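Which chain is which? They are A, B, C, D and E, in the order written, and residues in each are numbered from 1.
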Amino acid sequence: MKQENNKAHKFGMVIDLDKCTGCGSCMVSCMSENNVPFKEDESNKKDSITWMRVYKLTNGKSFPDTEIVYMPRPCQHCGGKGDHGHSPCVSVCPATATDYGYDTGIVSQIYTRCFGCRYCMGACPYHARYFNWWDPEWPEGMENYLSPNVQPRMRGVVEKCSFCYHRYQLAREKAYFEERDDIEENEYQTACTTACPAGAIVFGDLNNPEHQVTQIVKPDPHPDPKNHDVVGKSRNPKVFRLLERLGTNPKVYYLSEREWVRKAGDNYRDGEWDKIKNHHGATESTHG
Amino acid sequence: MSELENKTENGSTESAGECASGETKDDKGLGLGVIFFIVAFVVCFLSGTLLFPKLLYSKKEQPFNFDHELHVSEAGDCDACHSYRDDGTFTGIPKLATCLDCHTDEPLGETEDEAIFAEEYVANEKEVPWLVYSRQPDCVFFSHAAHTIKAGNDCKTCHGPIAESTSSRPYEENRLTGYSRDIWGKNIFGIKKHSWDRMKMDDCAECHKKETGHQGYCFQCHK
Amino acid sequence: MLPFCFEWAWDIGHAIFFGGFWYAISILGAGMTYVILKSAYDTMNDSGESHH
Amino acid sequence: MKVDRRSFLGLGIGAVAGIAVSPVGLKLMDDSSILTQTTKLWPWALDHDPLDGEIIYENSVCSLCPGACGISVRKIDDRPIKIEGLADYPVNDGGACLHGIAGLQYLYDPARIKTPLKKNGDKFEEISWEDAIALVAGKLGDVRKSGATEKLACITDKDQGSVSGLFQRLLAAFGSPNFYTMPSLESYLEITAAAIHGEGKTIAFDLENSDFVLSFGAGVIEGWGSPVACFKANATRKERHAKLYQIEPRLSNTAANADKWIPVKPGTEADLALGLCAAILKGNMFDSMATSRITGGFNKLAAMLAKDYSAAKTAQITGVKEADIMKLAKAFAKAKMPVAVFGKGRGDGAQSLKEMAAVQTLNILVGNINKKGGVFVQNKTEYLEFPEVTKDSVAEAGTSKARLGRYVDQLIEKINASSNPAVEALLVYNANPCYSLRDTKRVKQAMAKVPFVVSFSSFLDETAMEADIILPSHTFIERLEDVPSMAGLSKTVVGLTKPVISPIFDTKDPGDAVIMIAKALDEAVAGNFEWESYEECLEAVTAGIWDSLSEDGYAVISEGVPTGSQAVNIGFLAGSPETIQAQGDFDLTLIPIDNMRLVSGAAAASPFAVKTLADTVLKGKDIVVEMNPLTAKGLKDCSKATLTTPMGSAKVLINLNEGIMPGVIGMVEGLGHTFDNKYVSNKGVNVNDLIGPVLESGSGLDAAFGIKAKITKA
Amino acid sequence: MDSALIPEGAKRCSMPKFYFGIAIVGGVVLWGVIAMLLIWWKGLNQTNMNDYYGFALWIWADLAVIAVGGGAFFTGLLKYIFKVDELKNIINFAVIIGVICYSSALLILAIDIGQPLRGWFIFWHANVHSMLTEVAFCLSCYFAVLVIEFIPNVLENRQANKVPFFHHLAHNMHGVMAVFAATGAFLSFFHQGSLGGVAGVMFGRPFAVREGLLIWPWTFFLFTWSAAAFGPCFTLLVTKITEIITGKKLVSDKTVHLLAKISGWMITTYIIAKIIDTIYWANVTVPSLGFELSHFYTNNSFYGYWILIAEILVCGVLPGLILIMKSTRENPTLRLVALILGVIGVCLNRWVMVLQIMAVPVMSFDTWALYIPSWQEVATTVLPVAYGIIFIALAYRYLPVFPQENELNYPVEPAAEAE
């Protein structure tokens, strides 16, 4: 397909779990950036809308060998099997209310098109999609802080992280205005990225070798010889993706020095981990 | 419009003729049936075509008349007032401040509109509550820069020959959807004579397909 | 659903899916029309005898 | 002619056909289909479609906590819509914490006080500013006339900054020595400095350069000090190959993020510090240059340490293995730029001087005072130039009287103790003692005993509830103020908070309120407040740095390693002060937990912040307490229980957590608010209701690290 | 009195008695309707669904009624296409049950979506790659077919049949019914299948995902097959219940045995396929994604291996065997047991393919999610049942549903009949 700027982007992020302190800045920054509502009781996490959610993982060892790591989880913007753009959620939406932007690799969600069948939520193993069980309400006057760049959602539709797409729209608009073909790395950064006080999140274009995220992740363009559904596996031994083996091909990568953390990123049968933990991408694949 | 009126006349005369001849010819009421048919048909068709739009759209007058033609001749092209900000966003309808580049609370001309503007708004530093003909729904992201600077369209393509207008027409709002009539079809039959007659998603898609080879992904125009 | 819908594409997926759909619809439509017309016709015929 | 069935048939068919060929059907179908997609179906959207406009960024400084981060407020025309960290600001360089980002929620907080209020019976009624000021001035006038001017007291969050300065000035001119600040890390740093290095000094830790941070429970990434600055320092640890060792009874986020977590029995941190000192002395790993500078108590201390703090003994007291103590002492002493950090949790809770002094002694022994990556001891920041206060005889007499108490806790005690009012009038600004001091019952009791309490709060919080009159302040988004960054930063920066939106309610800048009150008092007092407005005052008293304040938005007061050596006297420790014991005789120990997503200071957490709380902290309206499965005794995860301490008891939920020492119960601080904001209040309990103060003899600080408790099935 | 409407020769209970019964069931319907309106007015927050349970009781009910409603298309297929003429004695009833099931399914779907007014999007803005789209299209089309198949039966009502046009219409429709039935079978094959596909294509959910043929996962075919197998079970079961309630023999044993036999063989073949599928899934699919089978059946308070055994052995293999063996099949009691087990079995399967999928944690640090429906969900799920009872009662009372009724019950005492 022909785009205004011919080379397609593939926006993604890598989150350094060793830097992450679980402080919650990313969650709040996301909520206030994207007009996410709040209600009286948000302690039931199964109906609490947090596009960016920070999970708390433990190594399961007992005192005093216990370890904790915090794992921020935005929408993973899956590329689907073979990274062809058939994300688990996009392929199932009956009303085309969510699509895969081949120009950005970002999975959209259109609130006025969604009629709330929630099939996409069932299909998403990351629980990154949230349903508006209630009409949003803001205390008197507080609606004055709502941003015009993101549409507030009505009851009965699904919403999720958009990688702050409106920031991309605005950055592109500026580029057009200045008659540039494309935007700079720092012109488009998500709200969670810029907010993180620890600088644990790095966001950019995985197709652009100049970008920091690409240099950290070193994504392998070839399908994983052990599982052809998997594309873009990281060649950095410290980097992994959530549930990579399902072939969802997320664009969100995680970085950790700790082995137990990397293991927690996916499911492995007994003893399986030790066999494949050192397998990173096709080019470095050591096992047949 | 006028054609339609003619039609109605013809229609009614025909029916009258039918009526006259029908009476003598036929008393079984078949003719009467035909007459009733035609009358009912014409009445319903006309009310559906002429009356219905009046009911469907509510008319709102602008705060006061605005003479685009005059301003274009005085101030220059569209972008003299409808300009871009440094971040590439579009100002749309100018704020009072922009007007004050030329205007003062001393009326520039002696039209009563100018007077209203000077007294009610400039004097009280009140923004003019213009009604925006081309306001898109809140789910839409539209970049003027992309369509003009990048794609090189002129304003007329979407906004029509508004620059030549000497007075502001009333703003028509669809009672059902709450959207401006300019967006959702000027022509009640949905016939599109000019590119600016309608600006629904399909119209965007049509042009995008033609110009970029692709009708675009959701997020290209949605937020 | 129809070729002028935003989502419509002239691809194999739409061809098969809506091919099947419209095929089924037309059969049902045609079938019912035929049956109704025929019944109407039959009714006319014997109503001819039945009434005065 | 007869009108028969056929005619009607014709009529009907005609009508239908007519409508059919007219656009009605199609158009209606089209529009109603559009209607179903619009937000019009959602009544709320009709009048709340967020208006678009010009995007403007305005810089300011967040004053929610002592961190004082630079913020950039995004506005659409004149409507603020988002707060973000300000890039290149010397404190936070772009980063921001969740409370700052959620700042706009404070602006529109349902609990905001919209206009001055006057207590009438147990209800508040609205009054005008004029009346309010007149009323306050009247009452204060009476006190002054009575001659007992020392009976006017004031409690604020800090003693720095021009607003606090104005309160102090008011008291001085009025004639009262009773100005108090709430306990804060900054105050503890000064107290510790005073005990070892002399009055008027303060301590700072060069975390961003140190290569070995030994933290005695300091929540370096949980709101301790200047949170974002600490986050950043911690984030660069890996690149700098620096180590962080965390000593505390619970696997806090800091401990989890640290290179090593050293669990220690609650309240024995001081002993561990002394044990380490002993080990360092014993192993001859100390910096003799540094120790030679110690003017007092060194030998005595050395002897005491040798006697009471052998590794074995320390191990027994603290629960840390002997070998580990030796290893730790070695690692710390051998590090190039080691630094030992004190101030449990956020550093603003109860602290014991013994513990802080012991930790500081560690620093002294390894000789990292005023060295890069070490501890900076220097004079207290002074950038304000208030003109000398001119006191009349009454004021002179009053100010020369003894303070009612050393710290705010003693003030409360004194008020409660004395039969006739010890304090006639109390001014409370930017402080919520009725919530954040230990044993809140006694604090409320004291408030009730004070005949006239004036609150300057922006929100109707627990303390404002107790006030007789409230002069509501602007929030930090609506006001102008100088904000010094304090809290143990290696550099001192004064930032300028600017109004980014005109006040949305009938509130005032507290500075203006004070000036108005002063002006309404007799000439002797009023004479000291010549300024027309707070703005004018601010410009005058910050004259030295005003240019950079107004241009850059901040001014760096001190930076880098201080020069010159500091006096060192560890006599206090040498006198081997007793270690604080937890109150009560139950067999478990309840300790407060500082959670980054909650706040325990003057402001409460925002709705967004509360939303981010895990369901292992708050579930429904119930607070969740942490305990080790070993101590659970039949209590299951998520089961309801009753937590009892000598102070009272509370319904809680259990979270079985391997990351907390057996025998210890952890309860988060910052919940259990009772004011009118359903998103934040009436959730969980306030841990300060369950823990009572234990005053440390000698220092007079509330040093209760926790309290004995028992937990039973409910 | 309504005797004029009652089929010739048929005996029915007195009108007051009948409508009294209807009223009782009507109460239940009312309850359901109230819940339904509540949900439409206040939104889905009236349910106990949440972000983990986007699909819950309703979707299960949907799949279940469509599965058991499968008897209609399968019997129709046999009767009109394969010309198994014997089945003419039960086809009417099968169709009626079908109409009830499918109308219920559509109703439930209308309640289940967050923005009911946008329901039409699924057709207009169809995404052809979504199994749910396929479901929606085939479901509504096939419902149309069922209505068409039902119309003649209605027109055979004593009074209706007096209208010459209706008389002819009924007659002519019978004439071309084969065409409709064929279309219906075609549509059914796809929507029954695509309902299975709904689960099978969720490749983010290891418990649901299956390999398959072209775009269709194995569950696609298994669902069609199971519907065809257990549908007739349900038809027979309902017939049996009606017979008990009316105290009449309505369908000859010959017909019953035949349909039971067919169902039996379908069940047996299906369950073999299902077992193969399960074994393959457990030993190839799941391990390749890093899971042990035990992951799906342990560490939670409800879903254990029992559900697997119950579905496949107790409610699959067992009824299958009972129905293929002449001796057991023709033993009324055992047959009834088999029918009941069969219906339970297929419902259980649908439950597993909806709710257990949602319950199973996928991320290694995620937890099992269990859920209990709210009363509004229960009420709206019971609604179709009550409405079905009334529907059948009315049909039985006023329409010649069972061609054999008179001969089988002749001579008959005016036996007591309830609704």
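We adopt the following convention: contacts are C-beta pairs under 8 Å (C-beta built on N, C-alpha and C of every residue); 3 or more make two chains touch, one makes a residue touch a chain.
Just so it is clear, the structure is predicted and the values come from calculations on it, not from any experiment.
Within the contact network of the assembly, the step distance from chain A to chain D comes to 1.
The minimum number of touch steps linking chain C to chain D comes to 2. Looking at chain C and chain E, no chain is in contact with each of them. Taking the mean Cα position of each chain as its centre, D sits at the greatest distance from chain B.
More C-beta pairs in contact connect the chains of B-D than those of the other pair, out of D-E and B-D.
With centres defined by CA atoms alone, the chain at the far end from chain A is C. Of all chains shown, the one whose average CA position lies nearest the global CA mean is A. Our note on geometry: chain A versus chain E, Cα centroid distance of 40 Å, whole angstroms. Centroids of chain A and chain C (each the mean of its C-alpha atoms) stand 48 Å apart. With centres taken as mean Cα positions, chain B sits 42 Å from chain A.
Counting partner chains per residue, chain E has residues 115, 118, 124-127, 129, 133 touching two or more of them. Looking at chain B, one finds that residues 87, 89, 137-139 touch two or more other chains. Counting only residues that touch two or more partner chains, chain D has 37-39, 41, 45, 50, 55. Chains touching one another form the pairs A-B, A-D, A-E, B-C, B-D, C-E, D-E. Those residues of chain B that touch chain A in the complex are listed here as 84, 87-89, 137-139, 141, 143, 145-146, 149-150, 212-214, 217-220, 222-223. Chain D makes touch with chain A in their complex at residues 37-39, 41-42, 44-45, 48, 50-53, 55, 76, 79-85, 92, 94-98, 101-102, 104-105, 107-110, 221-222, 227-228, 231-232, 234-235, 238, 251, 253, 256-257, 261, 263, 504, 596-597, 606-616, 618-621, 628-630, 658-662, 678-679.
Touching chain C in their complex are the following residues of chain B: 201-202, 205, 215. Of all residues in chain E, those touching chain C in their complex are 123-129, 133-134, 137, 141, 144-145, 148, 164-165, 168-169, 171-173, 175-176, 179-180, 183, 186-187, 190. Across the interface of their complex, chain E is touched by residues 1, 5-7, 13-14, 17-18, 20-21, 24-25, 27-28, 31-32, 34-36, 38-40, 42-43, 46-47, 50 of chain C.
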